[in-house]
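Two complexes are shown next, each including subunit A; its partner changes from subunit B in the first to subunit C in the second.
And then the complex of A and B:
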């Protein structure tokens, strides 16, 4: 095949593309890819994160993880999967329901969209501190006022309850983001299809489940994918709310990696766990993505 | 493609240039330490040193949150600060390749022997100095004890009786702060100190996997009894109450005793109620009142980078801090802390004064938290939290603590 010489405008377009993407590419390489490759190397060493000379030990760290040495990592993984399952379920179902409600024409619709989005623009750490205050001081006050027993549960001090508190805060914080995605999807559904369904005598429920939901396929795929990756990476909210406690009941995989690398001074083993977790996330997200894409209908 | 690559390389190099520090004329000392609560005092110290040595510039930085992680990042980036912090005791060894042995300097001679003890490494080497000394013990509200008409308990049986009496008088006997992992190390060290003649050797045996908690009744029986009592007579949500919760419970006069704290809480308590009559005493750990001791010493170490570009300037500064008249009185007059130097005057604060009196009269317990690393101390705190939360039995909790001692502090690391 003969290569055609570029025209001036094409060259200019290429130059524009390069100039505008370059800073981002450089930053991503510096902040993501180089550290990634380096932690790949550190995962093959025994290193406390302090000493000058990491000792190369081959695949020893991975053997430790897979043989027996890491019941905490397994527990953290199970915690992360449980958290992800509930987070994906609640954030998507609630976001979809609210998106449907907020696309109806009523006076406060636009205002309410804003209200739901506000938590999403707050930093997770701030959200964590706000909710810590609500769980401890706020709930106590509500208990004094109402006398209802569940206000007086130790929402952050009981391992089982703390898990649900984290799910609640996580979903609360990111709901706005998924609502926006679903609203965009809902608005993209051609009205003529819906009208046709109405004329054919479909009820509101039937219209939603047989027309709207299938047409939302791409939005659902995106939202499931985003909520999956975000929930697997959950970190800051746990650090702000429970620090993995009480008694280590709320360590997520990422928090366990952090603990291994920086608190236990096992940087090598921590890096190895990070690599293992990376592979798990990669496989899981790809499988989920493929599954949902295969079920989308042609528009 | 080649062009793109060279462009990217050029951009990366530019970035690195921009990150390189500007060079100054005189000697520069980079000081990156924890303890931000003393930032104002340290800045005053630096200003005073500027008059002594005008051409030395001290770049002081501090952070509380995540200090060890930030320090490791700097060390690995080849930007080891000239003065940095670690904990004393076990961690002295962890950072040994970076730290200067200043045993021969005047500063080391001026240091309080109880502080020096925690800074030693190997054969008489001194690898750290302290920003402050510290006292650990039970902080209590004297007014409540007077109202109830009892003395502060010195034995475990007295402690249980005192809790009953205080609860009967309508107060919360103890506030525990058990949401914080470090509260447990502060409580447990009093029991470790009383558990045997030589706590350092005992903990070394635990780290080698050669000792068992069951063999030490003070740990296996007394410590867990104390924890059980503290939970029974403590906060309604024990694993949710943190330092702030403790401060408020004692400060507003709701609770009578506060666990796991020491000299550092006084200012916060007085900020809530400046008329609070604060009492300070050792923990009741056994049936022997003599074993109820306050613990003194320094759990934080400041370290000197042995490869510092301006090592002499750093040493001059530290020697001036520890031996000059201003430097020695700075601890009491400016920072309001327990001086880590011998013979300096003591600040007029309730906990510090009572701590000093207790140590003078009864001696100090061993600063046992420093024989273990904070990695272990955190794991121990989590294990005891799990015991309090009911997900571990006492024996499972002990087994987990023993395993963590070997895993995190054993020779493997």
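And then the complex of A and C:
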């Protein structure tokens, strides 16, 4: 075996590499890798967080999750998928429509972009509380004034309606974010292409669907991807608005993991749910990312 | 009517509609603000109208009860510690990872950025236990330090992609003048990263300042280390239907972000867009 002795400069280069990357590596290991590996281990145990030693039970927790032993997690997953589907649909369609409107030339355009962005800089918890106030006090007053029964529905007290209320609040909070992303995408489209389409006699609608939309490919991929990852992890606004109620109808996957661990003190089962959630998020996001990237037109 | 006036009228109608939509959009925020300045009874009887008399004592009560300035300071400390570590450690790592492309650096690169795929909720249970063990929970500085590990993967990713655009000749000429790697990084490279540092700072300030779940797990049981959003959550939760106080607390909780946004709107929007496109 031939082994080259490291030269002085090589040794120095290696030392530099280690010194420069060590803080980042150590912090990431402490904050992410160690807890991740621990989650993997605890998912195979039964542990209430109080007793000294977790009891190793193999794959029991995973069997519990996928058999009838834990219907609430499956229910929470279905809630999360439904929430994500509506969130992705509404935030992207509305954001794109508003982005098109706000890229027209008029004096207030810049100011209005700022207006739509304001909820995004607020904490989601506070946004949840704002809407709790609107859904209760505000809607009550609107009902008094208009007499429309619609205002008097139990927007947070009925499981089915509470779901739509949460979608509304979620979309309201982050719409500004997707608007600015779509605006950036729209502004990157070369104007001469649009002019050429106009000259060829394409109507505004035709220009949008056959020229603008295909050229927005990368923006659409980014926005779909971001809205997917954000909605799958929905947590704060639910805690502020419904706390998972009424009757557990609005538990998301993340809120269910939180409840299992910190309220039911089932750290083992909670960890197993966390691992299942991780796999689902990973697979879904990668599949969606590949799908949309493959559909982007070459530019 | 000729086509020109019709076009003009159409434009005016369009501007009216979009302005109305925007007004409707922030109407909930307007309602929060005006009701936070009303006496208790008026919030219940006259939600939509302007206050008949300003009840600023709501704010005095909340500022005192919540210990607002203390919370504000906590948030500032946590955010500054978090941002400083993320910016320095990520840019340092990205610098050598880009300049020395060996098997070893590629491995380290993968090691640092892969955790971007791990949702926080996957590790939160064991994180709490582990942070207990290494005594990083329960304090503002401990919480600030925890953000390093969560922010570094994405920040390193963004810095690394930008580093390619800085020509190597720049650091080579510095090396000829016998500057150490650290001097080259600190005096030459880091200042050139200004725009991308701005992106990282915008993204991470918005995240850390408004974060809820990590403070809930780490500092909820230590009153002196709470963050603004966490304290507002507890405070509003404890008030039940005393909306006049709750709303004042909510306004105070979002006020700093809104003020900063109004002052730095352009930079914030640019940072958010750049971060999303690169991330």
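To be clear about the criterion, the second predicted complex is superposed on the first by the 270 of 299 C-alpha atoms of A that agree within 3 Å, B and C clash if a C-alpha of one lies under 4 Å from a C-alpha of the other, contacts with A are read in each partner's own complex, and residues count from 1 in each chain.
Note that a residue touches a chain if its C-beta (ideal position, glycine included) is under 8 Å from a C-beta of that chain, and two chains touch if they have at least 3 such contacts.
Please read all numbers here as calculations on a predicted model, not as lab measurements.
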Worksheet item: Taking the superposition as given, does A:21 touch the first partner, subunit B, the second, subunit C, both, or neither?
Response: second
Discussion item. A:30 in the overlay: touching subunit B, subunit C, both, or neither? Say first, second, both or neither.
Written reply: both
Item to complete: Give the label of whichever partner, subunit B or subunit C, reaches more residues of subunit A.
Response: C
Worksheet item: Once the shared chain is lined up, is A:217 touching subunit B (first), subunit C (second), both, or neither of them?
Response: neither
Item to complete: Considering only touches as defined above, state whether A:159 meets subunit B (first), subunit C (second), both or neither.
Response: first
Worksheet item: Looking at the overlay, does A:263 come into contact with subunit B only (first), subunit C only (second), both, or neither?
Response: first
Item to complete: Using the superposition on chain A described above, determine whether A:247 touches subunit B (first), subunit C (second), both, or neither.
Response: first
Worksheet item: Touching A:54 in the superposition: subunit B (first), subunit C (second), both, neither?
Response: neither
Worksheet item: Taking the two structures together, which residues of subunit A meet both subunit B and subunit C?
Response: 23, 25, 29-30, 49, 262
Worksheet item: Hey, which residues of subunit A end up touching subunit B in the complex?
Response: 18, 22-23, 25-26, 29-30, 48-52, 135-136, 152, 154-159, 243-249, 262-266
Worksheet entry | Sites on subunit B touched by subunit A in the complex | 4, 7-8, 11-12, 15, 68-69, 72, 75-76, 94-95, 97-98, 179, 181, 236-241, 245, 373-375, 378-379, 382-389, 391-392, 408, 413
Worksheet item: Which of the residues in subunit A end up touching subunit C in this complex?
Response: 13-14, 16-17, 20-21, 23-25, 27-36, 38-39, 42, 49, 98, 101-102, 104, 106, 108, 112-119, 121-126, 129-131, 133-134, 137-138, 140-142, 145, 172, 177, 180-181, 184, 222, 226, 229, 232-233, 235-236, 239-240, 253-254, 257-258, 261-262, 267, 270-271, 274-275, 277-278, 281-282, 285
Worksheet item: Any idea which subunit C residues touch subunit A in the complex?
Response: 11, 14-15, 18-19, 21-22, 25-26, 28-29, 31-32, 35, 43-44, 46-48, 85, 88-90, 92-93, 95-97, 100, 102, 104-105, 108, 111-112, 115, 117-127, 129-130, 134, 145-146, 148-150, 152-153, 156, 181, 185, 206, 209-210, 212-213, 229, 232-233, 236, 243, 246-247, 250, 253-254, 257-258, 260-262, 265, 268-269, 272-273, 276-277
